[in-house]
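Okay, so chain A shows up in both of these, paired with chain B first and chain C after.
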Partner chain A sequence: MNYAPTSISPAHSVHTKGAGEIRLVNLTKSFGDMDAVKDINLTIPHGSYCCLLGPSGCGKTTILRMIAGHETPTTGEIYIGDDMVVGKTPVERGTAMMFQSYALFPHLSVLDNVAFYLKMRGVGKEERRTRAREMLERVQLSHLANRMPAQLSGGQQQRVALARSLITNPKVLLLDEPLSALDEFLRLRMRGELKNLQDELGITFVHVTHTQPEAIALADMVVVMDTGRIEQAASANEIYNRPATPYVARFMGGQNVLTGRVESISPTGMVLKSEKGEIFNAPLTGAAPKLGEPVSISMRRDRISISKPQNGKGAQQADAVTGVVDSTEYQGSFVKVSIVLDGGETFVANMPDHEFFAEPVDHGVPVVARWKPEHVHVLSKADTEGTKDPYAGSGH
Partner chain B sequence: MSAPALKEGRVSAATLPASRMKMTADSSGRKAWAPYLQVAPLTLVLLLFFAIPVALVVVVSFFRYQMLVGLVPDFTFKNYVDILTNPTNWSLYLSTFKFTIIVLAITFVLGFWISYFLVFHVRNLMTAIALFLICTVPFWTSNIIRMISWRPVLGREGLINQALQGMGVTAQPLDWLLYSDFSVIVAYVHLYTLFMIVPIFNSMARIDKSLLEAAVDGGASRWGVVWNVVLPLSKTGIALGSLFVVTLVMGDFSVVTVMSGGLSGSVTSGMFNDLQFLNYPRAAANAVILLIVVLLIAVAIFRLVDVRKELVR
Partner chain C sequence: MALPSYGKRPWTFYVLATLFTLFVIFLYGPMISVLILSFQGPSAALNFPLRDPSLMWFDELFNPRRVGDVPGAFRRSLPLALITMLLTVVIAVTAGFAFRHRFRGATLVFYMAIASLIIPGLVLSIGILVTARFLGLSANWYTTALGAHLSWTLPFGLLIMFAVLGRLSPSYEEASYDLGATRWQTVKDVVLPIVFPGIIAVALFGFTLSYDEFPRSWLTVGTLNTLPLEIWTMTTNVTSPALYALGTVTTIVSFIVIALALGSILLIQRRRSGSS
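Showing the complex of A and B:
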């Protein structure tokens, strides 16, 4: 979808600044006695690309559906711009939703699908077909105008769904796992197109996904969710490099999480001691914790170096852990080395491939994994999940 | 029925990959008769119980009827001419059409909204199934009992009349409640609404719920959603249900006789009269005409909706 700048109709600039800001205030949704969404507060700035990220069942789709008006909040308020929109129809809200299944009307042609909104508005047949044809031209599908949805490929169906959403001239476009039904090649292409589209239209996009790379690649703002709660809402860079909680660190996948008790505190940092006696140096951020309090730290996988232990001295060094290589996975530009630590947790090092192949390690080889103290990030919450596999359920 | 089945067999053989085609070709000498054997039982049943009886009726409809003798083999159009020139027959057809159209309209409205309620309003699947089963309860008793049970409700001393008089709405019992067109229609609707509910329910259940939300997203009102999405996507069910109701009402004899107390008739009651005088040829001719009329209605319905395509989907 190469949208030529001239093809953008001026109608899309009518929304004033701030019109597409979404504010969720103390939002809760219960199904029976189960809370799908628990007391959420979130502000999505106007014109931003926001990704709601989390495993299935975390409530991200429920939030999207509440913003869209297809689900009523149990308690709480939703504002779009300055308007409280709970109880309003999608058209009154200025939202348009793209459904996971695309939800194209199977009995209507592509053209009539796109023209549906105009038909509901009582626009005459000729005019609405002309306008729908223009919209189809923008998504480069005008040659398929008279086809039925069943005759289109997945990618084409998605463009039709996009055209059908955009013809309502929305302030907010809501996308429910829009890329999940596409194959890998199309997914990457559509991902780029969605981002370009959002840049051009300048409206707010809210995109639900369970795929971390998708969120990282697209979003100005990533909202990581777990069982109905927001774990962290920040820029992709922040989420990836400075996760707030062990959950976020694990879910985003680029981090290792370790926990220790505060041994000593100095003006420049603190020293942690793990249950096995390993010593970790960590910077001091925010309020200093008490001595003996558990603190979790994380470090990026690609900041880890691996060496073979020398005469069993590895365990005594600070800022290092020892373990046995469990598996190695070649990923093209790097090699993912999974190490089972002495305590049974998994620790992952992503090594540049030239470094790895200079001194390869294999399954069963004992190793020391080291990092520099400046690469340590302190998490706001101590880890309580223990030795759970960081990738369980995350799909990556 | 056997011809399309054979055609299907050929089509699937033609679409087989080349390697498997070769195998079929190799073994064709031995296995060529196998598909015919597979369709033989159904073909036999259809021949015995459908094709032969219909052919017999058609043949007999050209026979001559002779008082006291009965059937005389012949080839005459007299029976058809008799029927088409008899004003009583025309009025019977007219009254049957009238009942068909009224019953079709009522069962469609009932069937559509009951299905709509079951599919889109009842969120719990178990509740929906339970309610659906309740719809079938009347079918646990016989046709006759279901018809006769209307008498204590609609009769002169019946439930409704007593209630109306008790409340002082009417001084005299209403006569038109029983043994009238009204009671005939009530019984038809009672008996045949399920035949409308089941196919409509079936096609509605297949509608993706997100389509309704997409329509709301596109600015459709409640009615807009029903009119633009639910109704067009239920077309197959409506067509099939209409086909059931039309054929049942057009071919009915007992309901109209019992519920009108013999005051109204149907095409089939005309045939019944002929049969009582052993005038088989004229009854057969009438049956052939009725068959053609119903077939034409069926063709018209299938013209409106491509049921075959929808069923394959």
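Showing the complex of A and C:
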């Protein structure tokens, strides 16, 4: 095997700027007739924390495995830094992967697991153990050096797996659902540790997850995926507040999506009319749509206010929808009120708890949900999925 | 006032417990009888009671005057079992790895290997003898009998390897590759150590199946008997407790082999769970 000389040099050598940039060009992976990843283009900047987010089967793990070199693309190119890496070994790529199950070797002690990379390149026993011990110190696990993996807790196993990956001095660390095997408490703690580690090392992290809060909390760049395609790649804030498509809005969970046809356009905005005759005001962003064209809008769940309908006039008001309360869930700082609209879709309002308890509503109560026009965000694609979307009701 | 009831055992418990006790007696009773009677004194018969316990029949066994060539049979059976074991391990393990990567005709090869479990051993024995004669080869324990035994041990070995490798997560190999190991390093330093207990199980099956084999040995060993054939011959013409002594000795050999195998598996597992 041909080893890249850069990664043999002592641990903790500093990579040149831009070395950890990942570029996917027209990347496709097919398994038989099924395209797991379809013609993807994506650039992940050097030193960023990138989360690939999507439901299971969306292709996010396949992308990660192709970057890692554990899966060969059907067509397309992958660049790390300036190098085209398709066909190269993981070590030549400068990537290291942390597996979902951690894949710690059960027959080796913690120390020998961490020293494995050095052993494979013929580093002598004393030297590799010394260096592995240093790495274990960095993840604060020196006291467990002689334990076997089976004796460690999930969190400890994860740190050993991290140490084992980092000893290769990678330009890119790839993490496959690293937190999914941990309980809630540890998950939050390790989440913080991962973020700190990435800040400290300054290398590129690519983290696959299906959990929205995880992606939002960690990522500089969130890539939302759906069945082999990228729906949106942007900062967490952008993804959460200005989702590009109805899919992203629904998947991220904090938004309500409504659709109407363009009734009129003015310099400051447009007016939409839904199939049921509701009127929604929306700002004009980008190119103006044609009259009569369907447009989807979204508004955050915590920007919705609820009131009881007065004299049955609720439906005539603009920027409001009517429905019946389906369920209320107390979430501590707010109450999640799920409303079934007259058309059957679910609409969610997250109400501050003091507001909710001042005038509580319960299952079966008819309500009007209102929002202010300035809180309306226009989606780039009109909604075609409607209530069929499996994530419509999910909330975070 | 009624006492709280924590549930009593259903009647089926007692039926099944009785059944199991009978099963254990049935299983071990004969073996224990043979063990006891192998210490029979000089004046004694082939059945209970035990009179004047002695070791004379063991002496008779190793220094034969009246019984057949037991030490000679043992000196053939042991190496035969060891060679069979070795070949079974090498072939079953490599074949097991080959089957992990689906190749053309894999299913056909698998069913052909398994089919030799179904063919009656005696028929196979006759077939091997006839074929060897036709090819002008003489039947020997280290040629025809070895082949016959392998037809029996290899399918078992392969099935065990399927079970072992089926539980081996591919992520170990990927992790190894990710950490810069070559294919050979991955096999040597990751895969083989992880599946080692399974390989011991294959070896154990290879050894005991061969060591005990009668039907497939019957016509294929040629003129000199293996141990099971020798015992069979003795039952037809020896009427002394030497037969029991032989039973005791062969059982002890089997137990030693099993104990060694299980002991090494336990040792590995203890090291992995980290009592080291």
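Annotations for the structure displayed:
The criterion applied here is as follows: the second predicted complex is superposed on the first by the 376 of 396 C-alpha atoms of A that agree within 3 Å, B and C clash if a C-alpha of one lies under 4 Å from a C-alpha of the other, contacts with A are read in each partner's own complex, and residues count from 1 in each chain.
Just so we're on the same page, contacts are C-beta pairs under 8 Å (C-beta built on N, C-alpha and C of every residue); 3 or more make two chains touch, one makes a residue touch a chain.
Because the structure is a prediction, the values reported are computed rather than measured.
When both complexes are superposed on chain A, chain B and chain C end up clashing with one another.
Once chain A of one complex is fitted onto chain A of the other, the partner contacts of A:I279 are absent, as it touches neither chain B nor chain C. Contacts of A:R147 after superposition: chain C is touched, whereas chain B is not reached. By the touch criterion defined above, A:H70 reaches both chain B and chain C.
In the superposed model, A:T168 lies in contact with both chain B and chain C.
By the touch criterion defined above, A:A217 lies against neither chain B nor chain C after alignment on the C-alpha atoms of chain A. Of the two partners chain B and chain C, more residues of chain A are touched by C. Once both structures are laid onto chain A, the chain C stretch out of 8-16, 44-52 or 170-178 that overlaps chain B is 170-178. In the superposition on chain A, chain A positions 68-70, 89-91, 95-97, 99-101, 103, 105-107, 116-117, 119-121, 164-165, 168 are in contact with chain B in one complex as well as with chain C in the other. Of all residues in chain C, only 169, 171-172, 174-182, 185, 189-190, 193-194, 196, 268, 271-274, 276 touch chain A in the complex they form. Contact residues of chain B toward chain A in the complex are 208, 210-211, 213-221, 224, 228-229, 232-233. Chain A makes touch with chain C in their complex at residues 1, 3, 68-70, 89-91, 95-97, 99-101, 103, 105-107, 109, 116-117, 119-121, 146-148, 150-151, 164-165, 168. Listed in rising order, the residues of chain A touching chain B in the complex are 68-70, 89-91, 95-97, 99-101, 103-107, 116-117, 119-121, 164-165, 168.
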